[in-house]
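Once you scroll down, you'll see the structures, which are given as structure tokens.
Okay, so chain A shows up in both of these, paired with chain B first and chain C after.
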Partner chain A sequence: MSTSQGNDDWRRQRSSAIVARYSAHPTVIGLWSRLSSFDRAILVLFVLILIVAAFGPLVAPYPPTFADPLQRLVSPNGAHPFGTDENGIDVLSRLIAAPRTDVLIAVIATTISVAIGAPLGVVAGYFEGADRRAMRWVSEGTLRLLDVVQAFPVFILAMVLVAIRGTGPVNVVLAVAFVNFPVFLRLVRSEILSLREHPYAEAAVALGNSELGVGFKHLLPNAWPTVLVQVSVTIGFAVLLTAGLSFVGAGVSPPTPELGAMIASGAKFMIIGQWWVALFPGLLLGLIVFTFAVMGDIVGKLMEPGQRTIPSRRPLSKDHIAPAAQAEAAAPSAQGAVLSVRGLAIEASGCPPILDGVSFDLMPGEILGVVGLPGSGKSILIRAIVRLLGQGLQRRAGHVVFRGKDLAELDEKKLRAIRGYEILPLLPNAKSQLNPLVRVGDLMVAHIRAHSRCSRREAHARAARMLGAIGIGDAEHWLAAYPHELSGGMAQRVCLAIALVHRPPLIIADEPTVGLDVTVQRQVLDLMIELCHQSGAAQVLATRELGIVAQYCNRVAVLHEGLIVEMGSVRDVLLTPRHAVTRRLIAAADLRAVSAAATTNTSSEIVR
Partner chain B sequence: MTDPLVAVEGLVKRFYLKGQDYVGAINGISFEIGRGETLGLVGESGSGKTTVGRCLLRLVEPTDGRIRFEGSDITRLAKRELKPLRSRLQMVFQDPFASLNPRRTVRQTVEEPLALQRDAPARAWPGMIAEMLKRVGLGPQYLARFPIELTASEQQRVGIARALITSPKLVVLDEPTSTLDPTVREEILGLLRSLQSSMAVAYLFISHDIMAVERLSHRVAVMYLGHIVEQAPTAAIMADPRHPYTRALMSAVLSPDPTRRLPRNLVVGEIPSAINPRRECPFYNRCPIRLDRCLDDVPAMAEVGPQHGAACLRWRDTSELLAEVAPE
Partner chain C sequence: MPTLKYIGRRLLVLVPQLFLISIITFTLVRMLPGDPARLELGPLAPEEGVVLLRHQLRLDEPLPQQYIAYLQRLLQGDFGRSWVNSSSVAQDLLVRAPATLELITAGMLIVLVVMVPVALLSASPSRGWLARATRRISFGYGLLAGALPDFWLGLVLIFFFFSVLGWAPGPEGRLAILDLPPERVTGFYVVDTLLAGNFDSFRSALSHLALPAITLAFVYGGPIFKMVRASMEAALRSDYTIYAEGLGLPRRTILLWAMRNAAPPAVVVTGVVAGYLLGGAVLIETVFNLNGIGQYAVQSITTADYAPIQGFVLVAAVFTMMVYLIVDLLQFMIDPRISARIT
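Our next item is the complex of A and B:
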């Protein structure tokens, strides 16, 4: 039952096995190099703000509460670069001292919000929909309580709280913490809701963890990255809220240096031309909030699992390559080949190649199996033929000649016309490739009409015929269905039907049946090969199962570390392997072959 | 079997949907597992085999039936009574990467069962962990690594080490090799087998791959739509399968030997929906040799040979019948 669920993870894991592995122990320099110059500037600014908040008053030109009655409302000059306020206090000195109040209140308040919100979020998330009624009620009740709290505008709520308890920094902290804790509760709850579906959550239960143990020891640590991003954003917001409360006189009151109060005291002079009293605190407040908000993104980037690093690969010496494969690589493209790949090399920038000069020819109607160990480059080869490479991968050399056109050099628009029409890529896990919002019929009709002129009605009729051809009865019902209604095998057959609508001369498939049940795999493969025979299409089929190659392919290429090390007819290669890798692949399949032999015998008995 | 390690009787698991509808994931199955024995449970997705494993560990609550483990009934144990049981009853999961907490190192992961059970003093843990990792073929250099730094094979070895460190009596292996490359699959199966002989652990090996099951199991049970349709010692079922579905599973195996002809495909279509199952042969709508009376009731297990049962009315001559209905 969990087969389909595991597929995505399997694919993700496999693709990372091909390209690289993550570094889980990032260094400071590694982290720094991951940031753009804008991010770096923000990071520097952030550190500066923290330094000013911590040590600012030590370097300020005047004490922040030192009032000089003779110097009231002096405009910016040499002695007072930002001028003075109505009491004759130097604005710059107050500015340097003010962030300490705001940032400190915001940080403490946010910490309290997290400390209250996160544990409640774990409980609410983990027990949502739980079997035990009491726990379900706890979860439900918490959420309803939140709805009540969040029904009030944040600022009004904070003002009311301060009004009840009186002004002063402690009450501001409590008010700001109270209005922000629902943010973290909801965030943690939604994170836990998705994390609890991970297999490691179930594994943790199986090991004997209590429910709360799973929630707090296993799930919460995995929710932290998301929470930390929000923490940074919320601190910025809390600074604004603190300043806002002080601005309306409900927060920190003078003479304590505080940005909101400074803006409030300067606002009344704005209109008569003494702009500096309010403007500079306003700008600083904006800068602080902005910096913390952007820091959220930066924290997110830094918490990512890590940069991809490509394992180093020794260049293979040519002696290791079987002679037949060498000969084919050296020869010019064969006459009449549908597809001729010559010296194709793919690399991730600045790293050793993933494909290192792959060459082969494919004749019409031929089915070429591509096999290899994990990470040998099978999937990359399939994708490289139609240039469906992910980000970071590029072609370094080589040509992919399809019917006289070099796909590697073709511009994107012309390639799109070929891709999906003359060449059809079939990728694993068909179900996830179908757009969940588009009905099967609409998808097929759109595909038919994209490449051939016909009416919707004609296209619909053709789509229905195609479904019949691939063994899906009741075509009208399935044409009206959405992809989630299809089983995995059916989805792969629909992809196949879409693939074959235009009778493409070439199909390239990467593990088209992985994750399907064996009896369904048999049906899909039988169908695929039969349709190929009917239309004379050639096929490149990358797979890890030698059984598929042995039973369905004409020729086989063994890929190893980005090179074809052995190639030939399926019989030659599988019965008299030359290369060590081929032998290893056969050995892995061979133990199974012993038993498969027994089965084949019993089955052929049935036939007799 | 005298004094089996696990005895499951009439296990039923239903997942209720809206109203009276339910998914019949397991519809009354019985089996036993002896000490140090492997029972292979084969079936396609949707057959309910994974749910059986999860019922055994009480990760889902059985709807009906009885599960006895080491002689005591564990079907209705309260959650907190389950905890001491966990050290004797463990599980290895299908997806080696996803079943490891990505933020825990190998050491933390393998240590957790010890920390939860506290049967051994904490100072003994490092030695036990090193010893266990050695048994699964991982050196001490792996201790500080995170799951993402391991290959799929190493990840699954860590999963196995975590399951075996408390010396359990039974480990449920839920498709432990199905996402692995064939080369790695063989390694892991070999490892599981050698661990079984050195640690005297019994396995419930759940898989859709009948060949993998054959490699590891002493006995095999074939599941279809929540029923066990055939059960026998491995050699017997491989040599003489009597249920048409078992035959179908075998005929779908692709031999890597190119000189062997592909056996004819015996069944078409896919496993039907498990919602509100009727009392009839579960395989009826895909069966090439069905009879009208197959619709009367779920066929009883017929005794084919010693310990060999098949739930098919036509078990006496399945192979002849199959040869007749669909000649090449």
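Our next item is the complex of A and C:
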């Protein structure tokens, strides 16, 4: 059933992320220092609960089953800080003694659940990934069976089990274990399914080990981190279940101190205003469950090595920057430039800048290529132009002047009017840029109507015309399509149609053809450049492929560690590179194609 | 029609699942100690009567035949008889079901009307006071939800709102003791009293429903709340939202579209929670004395009255499977990718 399937998929994704990062073992001190103070408090609380569970009865001020008939239902006072119950037993003493019962039952029951669920999960995962059809059927059948088991009312099921076998801690343990084992079966199964795709699993099988053996020996240990997170959560749930069973008299019965039974005995007094008998056990119960649940998160967090830090950058000294780029940075904005970026610096708060002092001018109709190694800041630059930085990144300095307006300072409303109307983004992997649940036509119509007054019908007709203009036949069919029905090339063409529909003066493109088939890449690029020429749109084109720059751009800027280290006409930069990074980029590219294209590239003269 | 095909296939899965449920409930009761015929008639009944009933129930035949007989009785709507008050279990369940369904419906309504909007607001990165306030609420609620036992929270609410403040009625059931139940139309007292035009009874029914429904919403709304917030946050951080911002689309459109993306996972979790509630809210019913089918089952267990337990377990499991079915169909309708993948 896809209800549980979705859950499994999600777990699988999350867990493989944990496993992927599990290899780095941090030290204990490192672990502690990575925790927030909230997490540390929970950790301390967790240890405290374990201590109370272990030694509670020894430290209680009164014997937890000692009834004093003269002291019945005494409200909290000096001698009994939490009052006494209807038998005259000190509530505090019972509270200290009770967690032992609940926690012990929950821990043992959860251990049994894991002991049963995990091996079955390995077998299920093994069968499901098997080549033989019959095996997959067995696995599928097991899962549907589990759906049914899990469809039974957990609480009543546990009660029935206790009813069959009689009350008492052992039977509660068995009932709670039975109710929870499918959770671990599912979890381990989905873990095994994703882990067996790893090369080391394939290698172990290739070495002649049996698949099932590999599952237990190599894959199961790697699934433990995820299982451990779930164990913590399940223990909390098991504590609640135990308390609930005892509350209705189907679990642990008095005089054994137990939180659910304590609440039950206090329930009738709560209603008439004597609150202390039932209130405190509930609070403690909540605290225990909460602590275990948060411990799950903490365990998960600890098993991921330190948060990714943005690699620190030594500021490059200015002499490393080629003179032409320096000159442009210092110069005032060129006359008639459509876009003029000056000293733009972007940082993640508290970290070294990701972009530093980036400056360039863009003339109308000009195409500026931005190249650089991965991580040099190309994508950030493209997004920073229209302030699409997302959370965590902010501008530290600099200006982005577009047609006389500083986009960096513009208010949200005016910026929104420029975005999508005068400046259009073309972003990588077009398919992921389109909302999977919005039809292509709805997006285009919303975009057209966001910037020009027209009816839905007119906007729709315009969208269809635009698709036709860029060579997409059967426009109506594609307008009614959802993004998943589009190929990557088709999705990028749709984005191109969106980019051109308002005939914008500026297009900012970030790797617009990445992920596309080589032949499709060419078609899309040719189309994009041709249409930009027709409409006179200027373009900033970030790419890692020098071949594209050599063929299509007028000028090129080389970005390295957040700085523009070299800038000039395509011909100058590519044929006589001055900066080491440029030389490295050229060396990595297909040299002949680049130089041939650069030699014939005369576009810089046309514009300037 | 791919949609019809999918529904057909999905229903096909349901058939063996329902069979399995009946097998399990059958086995459960066979495992319970005691002779059902003897239990139904009571310890004082003459032996001949017990033998006769055993024959009528076909308990003297081998297990497979017994199972078939059990299935036949189920299909005729015969869930057996309670030996405590010798009433028909099917009848008992029918009379009590509306109380449980009313509680679940009211609780889920609170979740959808109050909690989901708060979750959506708290997911928005806006710096306005409303977003900040909801973020704080959602942080605090995220800590508490799922940790507090429902039966205890119900008691605490009774203590504050009944014993201390006197705003709400005590745990006396669905109506005040002197109120007459309205004529049964839907079985929901809140609806039936309105239909009957009896506003005093309506107020009474509503005030008796308020605390249990709030308890249910608070305790079981947690997973829904967290999932709505998490998937809305994910949608607002996603590439397509950034692209939509880059196209200068109105804020309202962007938020509405992000909500569309947040919907499928939220629907799944809502379904799982709703499916769980029929059997999961039994303690709330017990604490507030609502006399629904959950409380009926709990009472039956304490009196070792097996037919009602069997009936309840069966009804709850079937209910859960039905909710799962509805969730799958809903998802199929919301998310075009699923229909593409499955058909």
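Going forward, the second predicted complex is superposed on the first by the 442 of 608 C-alpha atoms of A that agree within 3 Å, B and C clash if a C-alpha of one lies under 4 Å from a C-alpha of the other, contacts with A are read in each partner's own complex, and residues count from 1 in each chain.
Please note the rule applied: contacts are C-beta pairs under 8 Å (C-beta built on N, C-alpha and C of every residue); 3 or more make two chains touch, one makes a residue touch a chain.
In this text the structure is predicted, and so the values were computed from the model without any measurement.
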item: First (chain B), second (chain C), both or neither touched by A:A206; value: first
item: Which of chain B and chain C A:L157 touches, first, second, both or neither; value: second
item: Touching partner for A:L585 - first (chain B), second (chain C), both, neither; value: first
item: Contacts of A:N77 with chain B and chain C, given as first, second, both or neither; value: neither
item: Which of chain B and chain C A:S452 touches, first, second, both or neither; value: neither
item: Touching partner for A:L574 - first (chain B), second (chain C), both, neither; value: first
item: Chain A positions touched by chain B in one structure and by chain C in the second; value: 1-3, 6
item: Partner chain C, residues of chain A touching it in the complex; value: 1-3, 6-7, 144-145, 147-149, 151-157, 159-160, 163-164, 236, 240, 243-244, 247-250, 260, 263, 266-267, 270-273, 275, 278-279, 281-282, 285-287, 289-290, 293-294, 383, 386, 388, 390-391, 416-421, 424-425, 427, 429, 432-438, 443, 446-447, 450-451, 482, 484-485, 498
item: Residues on chain A engaged by chain B in the complex (per definition of touch); value: 1-4, 6, 9-10, 13-14, 16-17, 21-24, 131, 198-200, 202-211, 213, 218, 221-222, 305-306, 373-374, 471, 487-490, 517-523, 526, 544-552, 570-571, 574-575, 584-593, 595-600, 602-608
item: Sites on chain C touched by chain A in the complex; value: 13, 16-17, 20-21, 24, 28, 31-33, 125, 143-144, 146-149, 151-153, 155-156, 158-159, 162-164, 170-171, 237-251, 253, 257, 260-261, 265, 268, 271-272, 275-276, 278-280, 282-283, 286-287, 294, 297-298, 301-302, 304, 309, 312-313, 316-317, 320-321, 324, 327-328, 331, 334-338, 340, 342
item: Touch list for chain B against partner chain A, complex; value: 25, 44-46, 48-51, 57, 59, 61, 79-80, 82-83, 86-87, 90-91, 93-95, 97-103, 112-113, 116-117, 145-146, 148-149, 151-152, 159, 162, 174-175, 178-179, 181-186, 208-212, 214-215, 238-241, 247-268, 270-271, 319, 322-323, 327-328
